[in-house]
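Both complexes below contain chain A, partnered by chain B and then by chain C.
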Partner chain A sequence: MVSRKDKEGQVKKKNLLDSQTSRRSFLKGASIAAAAGSAALVTGCVPGAEAGSSEEFSLKWEEYFKKHYRLMTQEEKDETIARLVKLAKLQYDLDIQMSSRPPQEQVLYGYAFNITRCEGFMDCVKACVKENNQDRKSKTQYIRTFEMEPGQLDPSTGDGKYFHEVPVDNKFYMGVQCFQCENAPCIKACPTKATWREPDGIVVVDYDWCIGCRYCMAACPYWGRRFNWGKPEIPQEEINTKQHYLGNRIRPKGKVEKCTFCVQRTREGKLPACAEACPTGARVFGNLLDPDSEIRYVLKHKKVFRMKEELGTDPKFWYFID
Partner chain B sequence: MEKISQKGFFSFLYDCFRWNMQGGVPFQIFRLFLIAGMVFGLYAYSHQARHGLEVTGMSNIVSWGFYISNFTFLVGVAAAAVMLILPAYMFHDPDFHRVVLIGEGLAVGALVMCLSFITVDLGGPLQAWHLIPGIGLFNFPSSILAWDVIVLNGYLLLNALVPLYILYSHYMGRKADERKYRPFVFLSIFWAFSIHMVTAFLYQGLPARPFWNNPLMGPRFLASAFAAGPSLIILVLATIHSFTSFKIEKQVFHKLRLIIVVSAIINLIMLFSEIFKEFYFPTHHSISAMYLFFGLEGHNALVPWIWTSIGCNVVATLILAFNPGDNSPKVLLPACLVLFIAIWMEKGIGLIVPGLIPSPMGEIVDYLPTWVELGVTLGIFCLGITVVSWLIHPALIIEERYDQLTGSAKE
Partner chain C sequence: MKKIIFGSSLLPFVSGILLLLCLDAGASDESVLDRINKANEPFDGSKIESAYALPMKTVRAKEPYQGGTFRLLARKDSIARFRCSVCHTDKKTQARDGSLSTHGDIKLNHGREEDGLSCADCHHEKEKDFLVGKKGAKVDFDHSYQLCGKCHFRQKSDWVGGAHGKRVKYWAGERVINNCATCHNPHSPRFAKRMPATFSLPLDK
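Moving on, here comes the complex of A and B:
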């Protein structure tokens, strides 16, 4: 095991782009010993244990030692993205585009959900699953819709598993997802700072930095987070190749993921997939800092409320009634 | 290192190793069983490493299961060593002084198990270096999990180094210098309480989970640990007493029994107080407790579990309190065993799993560990017992020799 890795390491040194820093080489030295010790045991997670080619192996090896996204310079971000794009080609024979586009200035995203209009079609759920490359095997979904009895406003009293024709008379529907809390308990809980709130208000996860402890899942009061219990499986032809590093790129197994307001779309000025897919216009998305935006209109002229206001999480997601 | 005899640190390590390889046939067979358990654990873990945590019974709703339950319980066992340390070093109780090393060995074993349970629960165990301050990013002081990493490792160091120093001194045939280790003993007493409180705060600090978000969590943790931990210590001491030449004073068992009784009663009072709060006027927030004690909508996997635990808990506490056998080991030992298991059931699965059920969106699922989780857990328990036996076995030999050397061995 050791000798193989050493050999690979030399190959890597010759043909890889990166400039060595002392921190990195220290880590490498230390890790070769550690990895060799545990390699036999944890073949599943040692970088490159399943690698087909030596190029794939060295790319994965490089990936393993990269920094936290927020500590990377733009150059380092470009490098890791180049590696991820290459890996996608090698592993899945896919040509993906990946962006690291930063937040736009003077933007704070907000979402409003019209409970009067929603009829429970769940087109948003389907669009979200597709857009965000969610695991089909475990049927991961960021959005849940609940069929509610009149007189109730708390989704936990509703039925989240309806399989009948909608809308049903005298019922109404509520969609829930991560609410992008301004004071987010999940961020506070994370021991490695692998999840944080971007300046445009989106709470993101660095999938490669997350250690998969799931403390954030326990801490979220809205059940906004999902875990990759296994390796995500998506049919080749359904993979969305327009990806963002902090958004819909295909997650490694053992990491936490969540709704990112479709960061890969919204930072390009588009609507999130759910808002675009909704046939009833129940979903309003926009820039809270823009006084002329639709979301500001809703907040000003409609009666709005947020879930579990008493927890002080300050979500950026409101419900309203026409 | 000052030279008193020609022996040095390496011969100390070598002798410890050598003594560990010796020992009677039953002892070796016992060790073989432990090795078999660990091998099975490794096999189960390699399965999990290959396929991911999907081979466990956990889900997006019950996102922590058997591993974290055992971790939580074992933190209590580790901290309970303080119940020997406190009287031994602070009050210079001679009876406890003789057995305190055993308590510390147990604490080290429990901590090794705790850290292993956390590691096997990680989705990305190889990324664990992201937690190391300096090369990773450590969310301190904001994340309670970051605190927990510090206090657990610190406690492990303290409980390993102080006995190491004492044993090494005794091995070299000199008295351990109390001025040198006393500050660390003080620190470890304080630290024992902190590993408890911090681990309780891990859960207590989550407003998302009303079942855990309860100020009694920390204190109850302490009480139950000071009942379960000393119960285990009694069992271990009794084993050592009957299977080795190292004899333990009757007084030790009597004193430990008192500690257990007081803690177990406080634990029961607090349990009663919690149950009262949840069920006198049930609210929205009582729903997890409802699930635990009575089941919800036909999901009642934990109901027999928790009632068995409470039943055993009450019976064992009563037996220990009224002491019908008059400290006879025939009564004392089974009662301790039952109490230990009862608290394991309650502070493990009975505490962690219902906190996650129902999900904040009101969905209810049951949780059952799979063979992988059971196998890995078995492996970790075997690892812990192995560590304890590897530590205690040479420690007792050194102590016995030292006793003979100084002629202070009590009959």
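Moving on, here comes the complex of A and C:
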């Protein structure tokens, strides 16, 4: 049954591909006409109102009609990335590198967090904000560290906004971020299928298909997602130019964003920015499908737990104690 | 004309979303733990070609790891006044430059207050370029874990396994990890208290 549906989908996908050229050429013509002065064409939902040059407008116009990331061929991915790179040059005067590197086979990313070792220095949060081009104005952060009373394991009982000398005696610290659930409620909640789990386990968002309804935020039991109320404001010299389409590229306004285990880094074999920045070694990252990896050692030899495991979300983020 | 084109292109878009629904349907029938328990084939890190060799000097550890080996950052290069035997010879000298030549700047804060450590507990008394290991054995500065592990054996086994310390830069490729002294000052190993690097705003509730 599924295969029949798949076939149907394939056929329709083909139709879509066939109709692509004619529609695109039409739209291109329309964009030139609009740029020439017919501002009436620019309606409220088309992101053209604030476009500076005619080139910028035509790029934005073409961007508006692109497909869902998972339905794009590699060629189409390359095209949209080329447009986004050009747009970044026009808007920010920056030469960015954007990747659409696919997941590696036999890789499933997992994370372990040592609550005995974390001392609350928050170097991870700082590194994350910089790496992922997060909005500085609203102080968006994907990671939140909580100062916890001994014996408590629910972060809602902890202090998430401490700012004093750390570590405080007889307290412990707990970092919370997106847990990349295998059975993620946020994915089910999304009405436009703009968020999904990649084969390597990372839950990603296609920012151009997100409509900003924030159902996923309501569905997430871990407060793992963030909404941007405005276009991210980042000082020009602090923008990270090494970007991934599904990761840290500068988000449009009104989208939901989240931790992606730094997809732009991890798919290159690097550690996520938080794990690299951690000064105490509390953060362990690796390939869950590799029996020789550090994360597998932790799962095998340490006392581990996952947050709200009883919900059945199956997160790929464990806490452990020494 | 515009309307017609829009209408005809809407249908494949809708069917595209249906296709996405189908993709999701067959995805999560196995839990993470099932997948982990099934996976017993070591991952070939060289498949990720972007995880290249580090620009820092590393040494191969003298400890087995998961049936193989691993590397750690070299230590000797980052010790400012190595080699020690340049000054520490058999010749008798007068300590004229006070704190500079007698290591007076080192504040030893290692071990409990009542029985803190002294220099000779870790440094070899005769072979000045070495640390002292089990039964007075010479320990190279690059392999200081052999010394640290004498007391901190639990941390050492965690470090070898991967639950203590951390990898350098890459999760893929050959395993390169920090040595003990990359993170800990051996003379004062506990991390100093300090202000956090940043802060968070209150939750919007």
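The rule is simple: the second predicted complex is superposed on the first by the 277 of 322 C-alpha atoms of A that agree within 3 Å, B and C clash if a C-alpha of one lies under 4 Å from a C-alpha of the other, contacts with A are read in each partner's own complex, and residues count from 1 in each chain.
Keep this in mind: a contact is a pair of C-beta atoms (placed from the backbone, for glycine too) under 8 Å apart; a residue touches a chain by one contact, two chains touch by 3 or more.
As the structure is a prediction and not an experimental result, all values here were calculated from the model.
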Comparing the two partners chain B and chain C, which touches a greater set of residues in chain A: C
Given the touch rule stated above, what does A:144 touch, chain B (first), chain C (second), both, or neither? both
According to the stated criteria, A:68 is in contact with first (chain B), second (chain C), both, or neither; which is it? both
Contacts of A:123 with chain B and chain C, given as first, second, both or neither: second
Which holds for A:213: it touches chain B only (first), chain C only (second), both, or neither? first
One more residue to check, A:297. First (chain B), second (chain C), both or neither? second
Check whether A:254 is in contact with chain B, with chain C, with both or with neither, and answer first, second, both or neither. first
Chain B versus chain C as contact partner of A:289, first or second or both or neither: second
Thinking of the overlay built on chain A, is A:228 touched by chain B (first), by chain C (second), by both, or by neither? first
Let me check the overlay on chain A: which residues of chain A are in contact with chain B and also with chain C? 23, 26, 68, 71, 144, 160, 192-193, 223
Which of the residues in chain B come into contact with chain A in the complex? 42, 45-46, 48-54, 56, 58-61, 63-64, 118, 121-131, 135-139, 142-146, 149, 202-203, 206-209, 355-356, 358-363
Can you list the residues on chain A that touch chain B in the complex? 23, 26-27, 31, 35, 38, 41-47, 64, 68, 71, 138, 140, 144, 146, 154-158, 160, 176, 185, 188-194, 208-215, 217-223, 225-231, 252-256, 311
Chain C - residues contacting chain A, complex: 2, 5, 8-9, 11-13, 15-28, 31-32, 35-36, 39-43, 45, 47-48, 50-51, 65-68, 154, 158, 161-167, 169-173, 178, 183, 191, 193-203
Residues of chain A defined as touching chain C within the complex: 2, 5-6, 8-9, 12-13, 15-16, 19, 22-23, 26, 30, 67-68, 70-71, 104, 106-108, 110, 112, 114, 117, 119-123, 125-126, 129, 139, 141, 144-145, 160-167, 182-183, 187, 192-193, 196-197, 223, 266-271, 275-276, 278-281, 283-299, 301-302, 314, 316, 320, 322
